[in-house]
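Common to both upcoming complexes is chain A, partnered first by chain B, then by chain C.
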Partner chain A sequence: MLVSQIDMITPSSLSECLNQLSKAGRKHKLIAGGTDAAVRMKEGKWRPEIWINIKNLKELRYIEEREDFIHIGPLTTHTDMIQSQLLQRKADVLVEAAREVGATQMQNMGTIGGNIGTASPAGDTLPALYVLGAMLELTSLTNKRTLPIEEFFTGPGRTVLKENEMITKILIKPQKPNGLGIFQKLGPRKAQSISIVNVAISLTMDNDRKCAEGKIAFGSVAPTIIRARKCESMLTLGQLNEELIQNIAKIAWKEVMPISDGRATATYRRDMASALLERGLYRLIRRWENQ
Partner chain B sequence: MNTKWVGKRVQRIDGPEKVTGELKYMTDYHFDNMVWGKVLRSEYPHAKIKSIDIEAAKNLPGVICVLTHKDIPGFNGFGIVVPDQPVLCSDIVRCTGDAVALAAAETLEIAEQALTLIKVDYEPLEVVADAEYALTDSAPKLHPDGNLHSHVKIKNGNIEEAFEEADIIVENTFFSPRQMHAFIETEGGWGVMDEEGFLTIRCPGQYAYRDRMQIARSLAYNPERIRVISSPIGGAFGGKDEITVQIYLALLAMHTNGRPVKIHLSREESVIAGIKRHPFKVKMKTAAKKDGTLVANQVTAIGDTGAYASLGGAVIALAIEHSCGPYKIPNVDLEGFCVYTNNGIAGAFRGFGVNQVCMGIETHMDMIAEKLGMNPIELRKKNVYHQGEVSSVGHIVKSSVGTYKTLETAENCDLWKNREKYKSEVSEPWKKRGVSLATSFHGIGMGIGLPDYGAATIELLPDGKFLVGVGCEEIGGGNSTVYAQIAAEMLNCDISNIMIVQGDTQRTLDGGTVTASRSTYTGGRAVAAAAPKMTELLIQTAAEMLNLQASRIDIRPNHIAADGQIIPYKSIHKYLYDHHQSARVEGHFYLPKEKEEIKGSGGAPHHLYGYLTHVVMVEVDTLTGETDVLRVVSIPDAGKVMNPQGLEGQAEGGAVMGIGYTLFEDVLIENGYHKTRNFTDYIIPTIRETPLIETFPVEKPEQSGPFGAKGIGEVVMIPIIAAIMSAICDATGARIFHLPATPERVFNALKDLKKQKVQSAR
Partner chain C sequence: MKSIQFIVNGKERTVVCPPAKTLLDVLREDLGLTASKECCGKGECGSCSVLINKEVVCSCLVLAGQAQNQVITTCEGVGLSPNLDVIQESFIAEGATQCGYCTPGIIVSAKAFLDEVDTIPSAEEIKTALGGNLCRCTGYTKIIKAVQTAASKKISEPETAR
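Right, the complex of A and B next:
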């Protein structure tokens, strides 16, 4: 398929879009910000017959708090999230992660739905969504289902999303007043880089340095994002002092299963899972104490 | 000297249009009737070509022509020194950047499709992936004379005796990366042949006249019938010194019925086909006495030039000439090998071999200082050569030498004086800071054996302004502004009255390359040689017009005065025009050179060198190995500074490029195939990796230069490499010998250090 032969249609509503998606017998693909799709098209990897352009489906671009959840539309851009006061107050870890995605231009164009749909093990917003207990709403013309983000990915670039489905909503649990989170990323340089390892941490604090509950998710160290459940269970063992932090960090080494590639070796990735967790916990505790 | 323009902070004359994006680079142009050219690159890093079938490609609708080696009318090869690179391969391919065929089509997409329809039958051959392996008998020969392209050797004194008598010896092996120029404008341009067979090639380059000769040789075409326009350029740094796509454009233009043909490499193609900096392996052994006097240095440098020579021989020669730093070491044994492999193609790049050896000698200087408990500045001051002294390669340095002064300035700069205070101000407890310095130098102009000259024209224009023509292109370094400053100064006019034209075989004279940190010196001196002739022309003409003695004519700012009358330059132009006299003058000169070549050195020594000392502060995250360069002090000796603002621009750009080289950049090639494909995995510094950079020039005027200037374009990126390496060590105790110092390499060095400490504690 040549690029010049690809058609593009632009549905004006969600229902029209779902209608288009339900049409069988042709290869189509959604395109929103295009920060992944355009690159893959150029590389020759993604050459559908039709692009379904959803960039301007305004009804899928929102951030709002309703009942017990924060609802995020899949076409919300990274910049929207960075600027959202609601997220800054109640989902700081997601704001930090969005800030680390690519460059400003990418943040302006790239969407949260796209970041999830691309299903890269290195996707920066994904670990943040994991620790915020994200649920994804998937919709087709005839069906709607909601599942935890952990169940969405099946491998690098692979998800349970069906041909006729699209992500229509992301639900996250807002942090409590004594909750705080952090996103740590190690890339080959500070800006505009793909993660070698990243980690999102979300803690609910009791008092002093005692943690009541915490979630930790790593990116870029396994076929999908992974929760570090062993480390999580140790967060509540006692005061989060230097010794406990170091012990928890050491365990991270056992929870990851990285591979070597051009960016880093597996050994270094393992070491960095521990290092980033250690650094993240130090920084979180310092933030907590300065609050 | 009291000057109005020279030495002043003059805004770049090409600044506004570049900053606003108004300037059109040559690859920005589109024409309605234009066709697109594409180059088919080799599938294998090393293979025999058994056959090439272009029928299917030719028959694709929209294809205008498909060309192979059979369509080259002249010599099928190019290369600045040895033309060993085929324009289009006929029998063997030696790297994946090799060109096998060309296609021109109505659209870029059709041209790309045409390439996929060309059937090349290859027989893959063993790949030579390592320079040291290439030198063994078992490696296949990539060129008829074998895999050793060049070998240089400089030997002085008695190295064995010196090592025996030395109090301290340090010995290490250094590995340096394959840096990419990463210019904003990838290789490209366009060509057109008119009805009368006159060929115009617009393609960014660093020497229009030489590009023209190389095109003419391949086309077997009268060079006078070819015009090459090579300026302006979206960055070059040496990467456009060699032929890039000029010959392809010329060949295609001969087959497109007069329609302009454009080629513009994608970043991916540029990564594979464009030249790179030579990766080096440098073994170095340096000896000193207890008092810090350097007594011996032994160096073996192996440079991987990839499949073709380009300027590889000259790069190795310059590396060896500079391998002992700006010091006087009496006993040296220096040897360099330039080796063919199947790893892409390496050639000219800012620094030209000096980067790779500076990291060795300067690291050794710090290791010696540390072992002797000596201040690293004191050690360097003790060993530097001064003007009139004998350098390590054994020649008397007659031109100006600023090293000592740059070291004194370093010693007194805030960062160095207060380094303990700054080092203690870490931002987080697991971070460590280090402050170090390094010094280096870089030859200016061609070495011995290559003719080196400058030429410029000045033309009086109808509106009374001056058009200054210099062959040397504006590759981004700011030479156009310097030429304008010199012309305005010497013609006693406002700089807005100076127009500049560069890099055009029809409008400028052959004035040599924009390489070797030479264009301020040579172009500037050429303008300075032409300017008095223009003044003379103005005075003589005015005298003739007024029927007065020439001595009674005065040059005033922007006009001529005589006997109370004022003659605007416009009138002088009109007079010359009416009387069929030329309004253009030329200035020529020959670059000073050393008389005697050091035996076996491949062109050493140079007559002129620029010098520079860098002081840097880094912060290392000991948890991850990330290194952050926080502050840089750049202390250049460029002779007289022509434009402080321009110098700062060079110093800052050079520092950032040096940071990239030291910490991030490397084009990875495995078994002849590129693992690095584009800027996704080729990491260059962004503004977030750019520290505070201060520039404190010391001016050691060079008598022979225009207003005392030398050159600075390359040395601005060199000592910072070693300075960062040492600062990492100062911060953490871990020494890095393999660049780039990625977080992983630094982290592993820290891990090893911990292990050593544990073991030695046992």
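Right, the complex of A and C next:
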């Protein structure tokens, strides 16, 4: 299929979009901001017969707090998240992650739905969504299901999304007043770079430098994002002092399962995962104490 | 082929082209607006930067069909001699361009950035705002200076007075 032969449909509502997705016997694919889709189309990797263009489906672009969750529409851009006061207050780790995506142009174009849809193990918003306990709503013309983000990814670029489904909502749990988070990324340069390793940490703090509960998720160190459960269980062992933080970082070195590729060797990734976690925890404690 | 309508630099335009053609190619080939440049073609260098509804994007990754009904501004729309924008004047005054290949994209990015600020930005803020624009010649020092000069001119002589 040549690029010049690819058609495009622009549905004007979600129901029209779901209708289009339900049509069998043709190769179609959603395109939102296009920052992954257009690149892969040019590389010859993604050549659908029809692009279903959802870029301007306004009804899927929102950030709202309702009942116990923050609801995020999949067409919310990284810029929208960076500027959202609600997320700044109640999901700081996601704001920090969005800020690390590409540079201004990519943040203006790229969407959270697209970041999830691409399912790269290096996707920057993904570890943040893991530690915020994200749930994804997947909708087809005839069905709607909601599942935890952990169950969505099956490998690099692979998900449980069916041909006729799309992501219609991302639900996250707002941080409590004694909660805070951080996102740390190592890339080859400051802007516009794919993560070599990234980590999202979210802590709920108690008195006296003690952590009541914490979540840690790493990207780029396994086929999908992983939670570092052993490290997490150590967070509540006692005061988060230098000794405990260093011990947690040592366990992280063992807990991640990276491969070597063109961007870095496995050993370097282990070293950096450990260092990013250690640095992130120090920074979080400092922020907590300065609050 | 699809017929696509949009507003480019204040004018309503219609082009007939494959919907998956990039906006950059449409601007350059169908509309003869050649300020926006293709360099990497994959979002990394910013030389193709244009504004869509006042936000800076890489036109090499926007497909023509997605630009339907959008308001697009290229470097030509920011200003053309003799009616240059204060940003363009500052680039000339500070000598912030060498080969010039990156310049239209940087002007467009700087325009979006300066439209949102009302103080003189720090070098660090400019580096973040222009992080998606690469320049292989200048070493950036003069570009940053030019953006600061433009900001200070904008503040001291607001648009209406100019």
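Just so we're on the same page, the second predicted complex is superposed on the first by the 291 of 291 C-alpha atoms of A that agree within 3 Å, B and C clash if a C-alpha of one lies under 4 Å from a C-alpha of the other, contacts with A are read in each partner's own complex, and residues count from 1 in each chain.
One rule holds in what follows: contacts are C-beta pairs under 8 Å (C-beta built on N, C-alpha and C of every residue); 3 or more make two chains touch, one makes a residue touch a chain.
Owing to the predicted nature of the structure, the values given are computational and were not obtained by experimental measurement.
**Student:** Contacts for A:104 in the overlay, against chain B (first) and chain C (second): which applies, first, second, both or neither?
**Tutor:** The second partner, chain C, only.
**Student:** Could you tell me if A:51 is touching chain B, chain C, both of them or neither one (first, second, both, neither)?
**Tutor:** In the superposition, A:51 contacts chain C only.
**Student:** Touching A:4 in the superposition: chain B (first), chain C (second), both, neither?
**Tutor:** both
**Student:** For A:191, select first, second, both or neither according to whether it touches chain B, chain C, the two together, or no partner.
**Tutor:** both
**Student:** Just to be sure I read the superposition right, which of the two partners does A:263 touch: chain B = first, chain C = second, or both, or neither?
**Tutor:** First partner only.
**Student:** Given the touch rule stated above, what does A:291 touch, chain B (first), chain C (second), both, or neither?
**Tutor:** After superposition on chain A, A:291 lies in contact with neither partner.
**Student:** Figure out whether A:276 sits in contact with chain B (first) or chain C (second), or with both, or with neither.
**Tutor:** In the superposed model, A:276 contacts chain B only, not chain C.
**Student:** Which positions of chain A sit in both the chain B and the chain C interface?
**Tutor:** Residues 3-4, 190-192, which sit in both footprints.
**Student:** Going by the contact rule at the top, pick out the chain A residues touching chain B in the complex.
**Tutor:** Contact set of chain A toward chain B: 2-4, 186, 188-194, 196, 262-265, 268, 271-272, 275-276, 278-279, 282-283.
**Student:** Applying the document's contact rule, which stretches of chain C touch chain A when the two form their complex?
**Tutor:** 2, 18-22, 41-44, 46, 49, 55-58, 60-63, 65-66, 68, 109, 112-113, 128-133
**Student:** Spell out the residues on chain B that touch chain A in their complex, using ranges where they run on.
**Tutor:** Touching chain A: residues 107, 109, 113, 428, 430, 621, 623-624, 626, 628, 664, 668, 675-676, 680-681, 683, 685-689, 742-744, 747-748, 751 of chain B.
**Student:** Which residues of chain A touch chain C in the complex?
**Tutor:** 3-8, 10, 31, 34-35, 38-39, 41-42, 51, 53, 55-56, 79, 102-106, 108-109, 190-192
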